[in-house]
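If you scroll down you'll find the structure; I have some questions about it.
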């Protein structure tokens, strides 16, 4: 067969060759090493370099981690323990500070006996998010909601939640699980009222406030129903007016009167008690929830044919994107009072949320605009030809597709915003990273402790942000699979 | 009286008090978020005087940057944040300092092994300094006046200053002497640090209110004075009930509202001062409890002793 | 024909404001305009009333008052006697310094990491992935604080360099000292100082500096001329002359001549009194901020670079290989020109982000624009409204300049595509 | 041409006297470019009109004016008794009476076939979902793809997609259907499927205006063929005469090109 | 099939005795998957070989090994007297002797057609630009698209792009051309253009190895058809015998499928 001329004459193989194993150096671990680590001089050098870096990192930090102390009441005690256990001059981490003060990093100055409330709030957040975030996959929903339910209830029990609230939380969580098995859109009403419930759980006070906030749009809707036959636009304007007027004029007094009639309140917790990750998450979640709709509106405005609307959107977006968030936070803390009627004063956390929302919305608008621009013109025309009006076309046709395209950008905006919640330290709020650590270090026992809080806080941020980015990848893949 | 601060505070049922974000001894939240400290005690006394309950205070932590704005924008009703009373702040910034609750001066702390015994020897040194404070200006002036140079290391908070100083990132740490003492006291090895003898500035620290609402200014001013006067007359939180009943001293009687209705002149009731003193004790008690020699801060009374003891504290008469 | 269009106009009725396509958007815009104006008026009116209530005015006169505070790092001469305006300019320059240095370093590092992530080397690629994920998923503020803490906690203070029993030594032939306050660099001294050009406002440029800039710019142009000559030769004869040594020569020889002429030499910093003197002390706040910004932004840039390279399909490099092009030529002639088009726009927005993020200088006390105008000046004068407005406008102007640059670049790249 | 296998028995189909579309003296400009010039066209109920003409002659523009995807600047268009002005109510009314099928289908990729078909009935006509779905299934059966109802458009072939697009329009139960080169983006095998569907529609008496170059289709179903060039109607006639006996030079030229290959 | 209109007069074309490619006992694995098994193949100068076989049989892998786009793990490949080892110089030498045309053209979208064609001659062969451009124009003329020289690939049709790809390879004046399914990404009309070009090349005596399912092409120009399955050469023969008288069962099955439609 190896004869050259054999090849030029007709040739037929009678028996097929079986598949053979590759030569030793071409298979298994050796081949893997050769192709992946030592495939050439450059690669070998890189491998060595990589190994060196790893060795350097491990050798520098290993004993520091290995010699960590979890049980001490002050830095000096830590040092003493390290010196006693591993000898004089040994270095070691003092994670005891986390053990001692974890609650401050997590809950800030929230009253200890009410820790269960934020826990429940964020547990139920998962239920509220389930119809939105995990709508497609039953198995993921099952896992997420199952874990949430177990963790939340366990934490609430440990944190000493009253039985009534335990039952309430358990009921909602179980309802979520059941709905998740049957038809997750049953949970949508809960998702809709959740924002108000969440605010109420966190800040406490009377439930009548949130209830009357909800009643406002109800009146608005009634007005809209009544007028929508006459003129949809007029109806919309009136509906908004009615809602806002109700909130401004009636809601406060009504809530007070109702509270007097039928007290429905839990312990109020003031904003200055918020701190640590509770603060970050509150600002982050509120910012995310608010900036997405605002971003959509801005993006639509920027894509509008109406010159004035478009220019306003452009100016707003470019202005917000052109300045650092920190200056906006300064505006929130220093200037907002200039711009409001004399004597008005509102919660600093709320102000920060507004600024963070505006900031994220400007970025979001650009991301979504990219998605809108990527839609073929035919989609708009088809919607027009079917007789859908502008808003219906946007809601049913354009936005679902544009948002899908923009998911990676949206999520990275979220991640950026969540990371930026640490900047609130510069306006005197107790973020988990700097202010809270400074506060902990202001105590004589923990003076001089730096690395451990950084590592702790950093790790939590990493988990959350990394999780979000993985989730966006999952979502992207899922939507691609679904529609193509 | 509608828009007046007093009316607002009463209506709100809570006093908004601007404090430091965290300066041990003066104002700092503890692990569960309860504020304690020398400045905090004044806020509580004021709340007690106005609202009848020392707990009805909302502490608004302010940074060096945000403190005066917080006050002038109405976010806080009174600023009790170890701020120096200066001409321009009183006039240009439109604040009213209502008195001095701590007479301080700017000093320097160095390591003793640096071999420096006087601030005059600090030529060329690197000095840690908190931005946005009067100390920054004093430092510049002092070194210029003495024809010396220095490199500032700007820091954002006291905690950070300590970190830099401890690590040797600056040769000297300058701030108000009280702060230095407090910082030094908290060190693991206080004896290896010395506070240089030069006090390069006058730093009368005091609470401030907004310009323009004189009645509110009076309330704050006389609450402070009541605390100081109480110490002078020996009125303490422990013996006050008894003195209310038995004091013969007419000044004490007026102070405690047993005779004359001094409170009414400011729109308060008769017992305002009594409550203020009960909240955390008189000036001396507050001092001793928060920054006195028995505390880790360990400050001596010094200039802050009563005038009768050779100090500068001198409350105007209650009549 | 002329009046055809006119006949189509029906008479105007009021309901047309709402129901007619042509008027509806107008109506809507007018309503929005009125609302926006009302809101603006409301804000301005509130501001005026608030200012009046506080007894303040809105004027920028404070910028010309004496600043009274010192700034650690001053690119232009500045003393406490100078005005707030000059202090603000110093701050702006400091912002620009850290932003420019950060953009350069982040680009270099980001490109290296991005390319390394695509490397066939499993270990190295993984390592770079870890780098990217770690830096992208934690707050920048954390990195700034950590880097700064590393500098202050790990590096020795200057007096560790003192005396016989010094515990630390200078590096790079005793010319550079890394301390926990600053990096002490040697000064450039001249035996033959040509004096300075005075631009007024105490801004001076040494003639030697100017000479170097001229020579370097000239050298750069010469290099380009050499490159185009080489291209020309290649076009004519096919073989490209080796030019790297010529390029190097035109860049370096004149500089060497200048160095010799001015008698330029390095004078190492010496430890005098408390600190190193005689050299340039680059404060750690700058270095830490710069490093943290660099690392953080590099992680994002790495992703951009990676995505850009991945956007060029594998077929492209295979085709180039099949034509006999070497990997480095393939990279420079085929992959990069295509990848750059994808990379540049997001890269510029990272530059924008970096510039804005430099305002976190506040965490390490670096006196940038926010630290001067928006920090000490604001604080000492109590002019928060004016100071913050001015500061925001300055940042806005910076951003707009950068994005204008981006648009110009995009337009140029686009043209090539068709 | 070979796609068309059956011819409609035109005598069976009724063309009523009622006017479905009345276009008078209509003119349209893009900027200064005069795309449509003095168009006069009356379409009766049940008529099937094919519009042909060289590229750029304004065919698409004309039918897009009929449901106001483009705005005309002079003259009148009256559709089913409603004049198209800039009055939004009229526009809405007209659009819900007129269905349109595009060259590139323009299905909504994020919705299933069934959802594509029920979207407009539910949101515009306010039909209950159940009922809308039943109607949709009926029309999907008519276009012979009921089994694809649950799929996404991306999973269908071009011909199937175009048939879904037709079904989607039909679900709004329009009185008039407009087709803009419905088969020109399709592969040859698929063209037949779509044309068959359209012929079936024609047999049921739907009023149709169709821009197409499928002359076989025109000969098979049209009552009238309109030839446009440079924004004007150059010739119109019944198909037999149009193809066998074109009058204008341009028509002749065009037909020779079209039928040439 | 119907694309191929002319047959080459095979007797006119010389197949020299010189060996262009000599593959001995070549084996290749992807991981543990044995893609190519004991391949023995000698190609003489001027031979035109067509490789056919079911999908996944290793056809592409085989020809990619010939210019070392893939590495083989056992056996020898000698191209024009140069053995392919991991020696970079040899690889370069071989690659500049061997042109390759891909299924998806892989033109450089950022360069004009002319630049695509001159890039490698200028940078690899060090040809002066003028001369390289003249050569490129010659080959563009040969593939019948000289007028497109200034355009960018994105502006051309698929058939034109593939012809540019062929011209680009030819500009390096290779001794051997490899084609990997050059027509399978093209629309039917365009296939003909490309095949015509390839036939012309064959007429000029170029040594060619072509993976293709265009059996008409194979019958028209090939000296030899090689049938691969499961990574091995199952049958080879001259085209007449190969198509009319296949010996192995697999070949028969394959041919029945391929020629079936």
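The letters A, B, C, D and E name the chains in turn, as written, and every chain counts its residues from 1.
By our rule, a residue touches a chain if its C-beta (ideal position, glycine included) is under 8 Å from a C-beta of that chain, and two chains touch if they have at least 3 such contacts.
Each chain and its UniProt protein: A = Amino acid ABC transporter permease; C = ABC transporter permease subunit; D, E = Amino acid ABC transporter ATP-binding protein.
Worth saying up front: this structure is predicted, and the values here are computed from it rather than measured.
Chemist: Starting at subunit A, what is the smallest number of hops through touching chains needed to reach subunit E?
Modeler: Each step joins two touching chains, and the minimum needed here is 1.
Chemist: If each hop has to land on a touching chain, what is the smallest number of hops from subunit B to subunit D?
Modeler: The fewest touching-chain steps linking subunit B to subunit D number 2.
Chemist: Look at all chain centres (mean of CA atoms) and spot the one farthest from the centre of subunit A.
Modeler: Checked the centroid distances; the maximum from subunit A is E.
Chemist: If every chain is reduced to the average of its C-alpha atoms, which one ends up farthest from subunit C?
Modeler: D
Chemist: Which of the two pairs, A-B or C-D, is linked by more C-beta contacts?
Modeler: So, comparing the two chain pairs, more contacts are at A-B.
Chemist: Which chain, with its centre taken as the mean C-alpha position, is closest to the global C-alpha centre?
Modeler: Chain nearest the overall C-alpha centroid, as shown: A.
Chemist: Give me the rotation angle that lays the C-alpha atoms of subunit D onto its copy subunit E, rounded to the nearest 5 degrees.
Modeler: 170
Chemist: So the centre of each chain is just the mean of its C-alpha atoms; given that, what is the distance between subunit B and subunit C in Å?
Modeler: Those two chain centres are 43 Å apart.
Chemist: Between subunit C and subunit E, what's the gap in Å when you average each chain's C-alpha atoms?
Modeler: 51
Chemist: When the C-alpha atoms of subunit A and subunit D are each averaged to a single point, how far apart are the two points in Å?
Modeler: It comes to 49 Å between the two C-alpha centres.
Chemist: For subunit B versus subunit E, what separation do you get between their C-alpha means, in angstrom?
Modeler: 89
Chemist: Where in subunit A do residues touch two or more of the other chains?
Modeler: Counting only residues that touch two or more other chains, subunit A contributes 330, 334, 337-338, 342, 426, 450.
Chemist: In subunit C, what residues contact two or more other chains?
Modeler: Residues 50, 53, 149, 153, 362-363, 384.
Chemist: Tell me, which pairs of chains are in touch?
Modeler: Those chain pairs satisfying the definition are A-B, A-C, A-D, A-E, B-C, C-D, C-E.
Chemist: State the interface residues of subunit B toward subunit A in the complex, per the touch definition above.
Modeler: Subunit B reaches subunit A through residues 3, 8, 21-24, 28-33, 58-63, 65-66, 69-70, 73-75, 157-160, 162-163, 166, 186-188, 296.
Chemist: What residues of subunit D sit close enough to touch subunit A in their complex?
Modeler: Subunit D residues touching subunit A: 67, 69, 92, 95-96, 98-100, 102, 104, 106-110, 119-120, 123-124, 152, 154, 168-169, 172.
Chemist: Which of the residues in subunit E come into contact with subunit A in the complex?
Modeler: 19, 22, 24-25, 27, 29, 31-34, 37-38, 40-42, 44, 73-74, 224, 229-238, 241, 247-248
Chemist: Which stretch or stretches of subunit D touch subunit C in the complex?
Modeler: By the definition above, subunit D touches subunit C via 25, 27, 71-75, 85-89, 91.
Chemist: Could you pull out which subunit A residues touch subunit E in their complex?
Modeler: 1-2, 4, 7-8, 10-13, 16-17, 19-23, 26-27
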